Amino acid sequence: MTALLSTEELCMYFGGVRAVDRVNLAVAEGELRCLIGPNGAGKSTFFRCLTGQYRPTAGRIRWRGRDITGADSFAIARLGIGIKTQVPSLFEGLTVVESVILAQRRRHGEADARRRAMAVLERLGIAGLAARVVAQLAHGQRQLVELAMVVAPAPDLILLDEPTAGMSVEETGRAATLIRELNRAHALVVVEHDMQFIKAIASTVTVFHQGRVLVEDSVARVLADPRVHDVYLGRSIAMPGTEGG
Amino acid sequence: MDLAVAVALQVLTGIATLLIISLGLAVIFGMMRVINLAHGEFLMLGAYAAILSARAGLNIWLAMLVVAPLAVGAIGVAVERLVIRRLYGRMLDTMLATWGLSLGFIGAVTMIFGNTVAGFSAPLGSVAIGGYRSSGYGLFLIGAACVLIAGVWAVLRFTPAGLIARGTMQNPEMAAALGVSPSRVYAIAFAVGAALSGLAGALIAPFSGVVPTMGTVYIAKAFITVITGGAAMLAGTLSASGLLGTVATLGTFATTPVLGEVAMLAVAIVLLRLLPEGITGRFFRRSL
Amino acid sequence: MPIARRSILTGLGAALAMPAVMRHAALGADPIKVVGIHDASGGLDIYGKPMIACLDFAVAELNDAGGLLGRPVQLINYDPQSNIQLYTQFATEAATKDRAAVVHGGITSASREAIRPILHRYQTLYFYNTQYEGGVCDRNCFCTGSTPAQNVNKLVPYVMKTWGKKIYVVAADYNYGQITSKWITKYCHDGGGSIAAVDFFPLDVTDFGPAIQKIQAAKPDVVVSALVGGAHISFYRQWAAAGMKSRIPMASTTFGGGNESLVLSPEEGNGIVAAFSYFQEIDTPENKAFLQKFHAKLGSAAPYLGGELAMRTYVGFNLWAEGVRKAGSIDRMKVIEALETGITNEGPPGRTVIDGRTNHVTLNVYLAECADHGFKVLETYPQQPPADTAMVCNLVKDPNSNRQYVIDVKI
Amino acid sequence: MTGRRPTAEIAAAVVLAAAAIAVLPRVLELFALINATVYASMAVLALSLGLVWGFGGILCFGQAAFFGLGGYGYAVAALNVADTTWAVPIALAVPAAAAALLGYVMFYGRISDVYMGVITLTVTLILFNFTNSTAGDQWRIGAAPLGGFNGIPSTPPLNLPGDPGNPLPPERIFAVAVVCLAACYILGKLVLRSRFGRVVVAIRENERRAELLGYDVRRYKLGIFTLGGFMGGLAGLLFANCVFVSPTMFSLFYSGQIIIWVMVGGLGTLAGPIIGAVLLQALTTWAGTLPAVNPSLILGAVLVAAVLALPKGLLPTAAAALRRLRRRDAAP
């Protein structure tokens, strides 16, 4: 069976820095995959390659078997890949509902577009924010608005870059529920640090380290893997003054 | 053969002129990411400072090489204090505000000195190249350009102040880490850029004539040179003025002054299309 | 201080004109409005300021002598700031708002061609008092300056006789320079000479380095310049700086028309030959008397009257005034008809006669050499007719003509 | 953003335009009326940049290029055809095509903001230099000499379609200019209300997000830029009908002035640039009549003050003040 999205020996170098180094990764239709790894492991760069924001130095990216390496961001988005960035990237001056209508990218009538946008907002529980201007929203609300925009065009694959960053424990719990809910309709790749959160949502985990794939396995086995511990431990040792564990 | 040497000399003069008029703008852009659209008027003020102090009886060389940069440097300090400082990080607003300053300076100088062409003759006589004669002042300009660029390079490379400047250029927080407030660095950078512009204005005055609107002739050229050069201020300005100056001067020889300038502008556009980050965005990326 | 000079100059113009107006206004007579449009600022002010001073002086002189038809003359000066668009704006204002009896003004041919159609459309009489390239054929427009058949026709043979037959032409890149360079070429060929090259420079060009090298490469016997405006003065400066003055002589159809001879040092300017229908230095009793009066009135603010532009403005105004006297009215058609009978003015530059077929003038032409910020008159050519314009224009036959003919110069 | 009551605003534009056409020719002297026509053409020009910069987020330093091309396009075409009506489509097509070409180079070349500014400025300078050097006989297109520095003073004005011998008098040209201004304003409103306009605004807000949502940013930018070029050309056409075309239309000074109008009037509004253009033109003209003060000084001071004190521009600042006032009134 062809994977939904796959990379072959994907590389992204910046001068001498190998941010992404010969990564092979395949995501199946409807899968929920987590990417973990210390800061600077190359996860965000990897996402940027997938979404066409960077043109990979070498290697291939395939979508349903078709080579899409080097395609423009907008073309990749139209194939059905949405991305929620780490720091929400929003239309600050627009209202929430306007943003979501735009995100649908469809040419249906005004009333219909609004109805569909409201449905998406309701699904994420933020219908009450519809008329607010994005710039005035609180941090957690902004995260949800961006998610609504990503979900609105009903992509086949959603890339989530640290969706729980800056969230309280309670919010994180709700986010986990939400992500599982989203996974019913979309394949997901989630970059995360929070192990509890990963345990709550994922089946397969890929560990990045220094631009490469270190391990790829089920949650339980990855968490038990000593190499993964070394990587994370290494991080805490490398940063004296913080109490890592 | 003589003609070739004479033409080569003219090309070098063209490059030197471009370099001299762009350097102040490049320092300010390179250090602060501020595009100073009043740059042309800094040139103009430098020329006026030189001509006025020379008329007041000062030695012409002192007037050009000392009074002009000091006077315009002082104006630069005032401009930085009153306007630029309030707009850091707002590149577009800074451009517009400096544009306003540019218009204001033109208006003020016109009111004070009138819109009449003044000027002084090029000091130094002429030099003979075989059967051709060229202005000795052209040679002086070439020398001045070399001294200026070497001087700025040496300051950046070898002095503590240069180290701080390079650090700020890379990363403003770094300057703060070195215990220097970035705003102080910026203020000094702006003053130095202004002083260089003032000096440039005095240097080109014998060729161009001195009018309140003289800056408008040069600002576009300087702007295009600096942007075409890209982020590295010395290497960028040097390479861009080398390329554009050659194209403009040779174009002028081959056709007319207008077509020479058009050729230069066209090269700049093609270059920016091919290297959207300027020359040093692609080459000499690590230079100053 | 330059600032003082400038404000005094404008202030003085008003001071000269105003008391006379008020005196007559007290008598209850309606003033006759005369509009002057000359650049008092911008790159062309080197020509404009002396022209304004002369027009102010001419108006004041007339008012002191009792005005025109028993009415005072009110002069309204506009400063288009060397900006063509302002010329059109002020010409429209003069015609439709001030309803001027006559408009004097325009310096470059570009400015003349901008305002001439407007004044023609709004039926306002127009005097253009500048030497120019010839060919204007419009009953509404009187051109009182010299044209190539009058000045280039004398200048080019003179330089060819004196220095040699190979001429290099540098000219301003607009209609004046383009057409004048053709006339230079024509007279050069007529005299059996050759043209090494013709180079054109936009009015804002200040760097003549490459041009000077090109001239050296062509090795001409003489350079003839038709450069215009403040920026182009740097040509003479750079020419001298390159040490060319002693090697290739220079003549010009424009040098001295403004303050070129004053701005340049004697080392830079001396020896450049020019031909105009007036130089301040011409030695006639009329000129001496005029200068004495002019300086008495303006004192130290009196500008140097260089070539003909300022003086032609003075003569042009007096020609118009004579036309009004003869017509006994300021009605446009009556004045035009009176002027076309061949009104004559015996002024400082000698006799000037209007040629009714072309509305141009027959005048004296002088050839002079720049010497220590002034000119030394070398030759005088009395009563030269506007033969060039006459080749293409006959307003008696074609009174509705409203255009500038580009004279097809057979090169 | 799109206005909340676009229909009301459109109706207001129609009423204002009708009133101007009905009243001004009766009360103004001919000279003032011609000046008003110039103002209207400047307002169209400001509006064109207001769309491109205020809504498209593209700072174009060369809007004067399209203004000049429109003017020259009209003048050259009008001298070559008997019925000047036919010159209109040419005058609009030339600058629109130029904008499309320039926009294609810039947007599809992914050239960043500052560099875009330089390129537009450079193109304008090239046009300025080029037209300035076309004084020679060889520079003519059909029956129209380009005239170099002189420009083309003898441009025939518009005539009623199908009636070539009968050029429109200045009063009619004024009416045409006002109609064009109103039409551009309404066109702007409609575009901003459309899906295209909303995407354009979204791109200004966050280009990367729009791209990641699947919008081909380049196409939308090209679209709004071309529309701006078209309107700039229309302004040039009007200008050619009330003043005349010359290389100064391409000058740095003009390019700068347009930016100042939009900046002072208010970015991100349509009425702001119009108000800015009219106010500042009036200010410049007035300053030009002052004996002691140079108009450049006043214009410069206004710009610096606007950047420092009213970074949002007159109209948005006034609107915000009004809202605050109303809120205070509404409070008990």
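When the chains are written out, they are named A, B, C and D in that same order, and each has its own residue count from 1.
One rule holds in what follows: contacts are C-beta pairs under 8 Å (C-beta built on N, C-alpha and C of every residue); 3 or more make two chains touch, one makes a residue touch a chain.
Since the structure is predicted, the reported quantities are computational estimates derived from the model, not experimental observations.
Peer 1: Taking contact as defined at the start, I'd like the list of chains shared as neighbours by chain B and chain D.
Peer 2: C
Peer 1: Where each step is a move between two chains that touch, what is the least number of such steps from chain A to chain B?
Peer 2: 2
Peer 1: What chain is the most remote from chain B, judged by the mean position of CA atoms in each chain?
Peer 2: A
Peer 1: Quick check: more C-beta contact pairs at B-C or at A-D?
Peer 2: The greater number of contacts lies at B-C.
Peer 1: Can you check how far apart chain B and chain C are, centre to centre, with Cα atoms defining each centre and the answer in Å?
Peer 2: Centre separation, chain B to chain C: 39 Å.
Peer 1: Chain A to chain D: how many Å between their CA centres?
Peer 2: The computed centroid separation for chain A versus chain D comes out at 44 Å.
Peer 1: If you average the CA atoms of chain A and of chain C, how far apart do the two points sit, in angstrom?
Peer 2: Distance between chain centres, rounded to whole Å: 77 Å.
Peer 1: Between chain C and chain D, what is the gap in Å from one C-alpha centre to the other?
Peer 2: Distance between chain centres: 38 Å.
Peer 1: Identify all positions of chain A at which a residue touches two or more other chains, and write them in rising order.
Peer 2: none
Peer 1: Do you know which chain D residues sit against two or more other chains?
Peer 2: Answer for chain D, listing residues that touch two or more other chains: 129, 132-133, 292.
Peer 1: Any chance you could list the residues of chain C touching two or more other chains?
Peer 2: 81, 173, 200, 202, in rising order.
Peer 1: With touch defined as at the top, which chains are paired up in contact here?
Peer 2: Final set of chain pairs in contact is A-D, B-C, B-D, C-D.
Peer 1: Please output the residues of chain B touching chain D within their complex, sorted ascending.
Peer 2: 35, 83, 86-87, 90-93, 95-97, 99-108, 110-111, 216, 219-220, 223-224, 227-228, 256, 258-259, 261-262, 265-266, 268-269, 272-273, 276-278
Peer 1: Could you pull out which chain C residues touch chain B in their complex?
Peer 2: That would be residues 2-3, 5-6, 41-43, 45-46, 81-82, 173, 199-202, 204-207, 209-211, 213-214, 216-217, 230-231, 233-234, 237-238, 240-244, 247, 259, 263, 265, 267-268 of chain C.
Peer 1: What part of chain D is in contact with chain C in the complex they form?
Peer 2: Against chain C, chain D makes touches at 29-32, 34-35, 129, 132-133, 135-137, 147-151, 153-154, 243-244, 246, 248, 288, 291-292.
Peer 1: Which chain D residues qualify as touching chain A in the complex?
Peer 2: Interface residues on the chain D side: 1, 195, 198-199, 201-202, 205-206, 208-217.
Peer 1: Where on chain D is chain B touching in the complex?
Peer 2: Residues 59, 105, 109-112, 114-115, 117-119, 121-123, 125-126, 129-130, 132-133, 252-253, 256, 259-260, 263, 292-308, 311.
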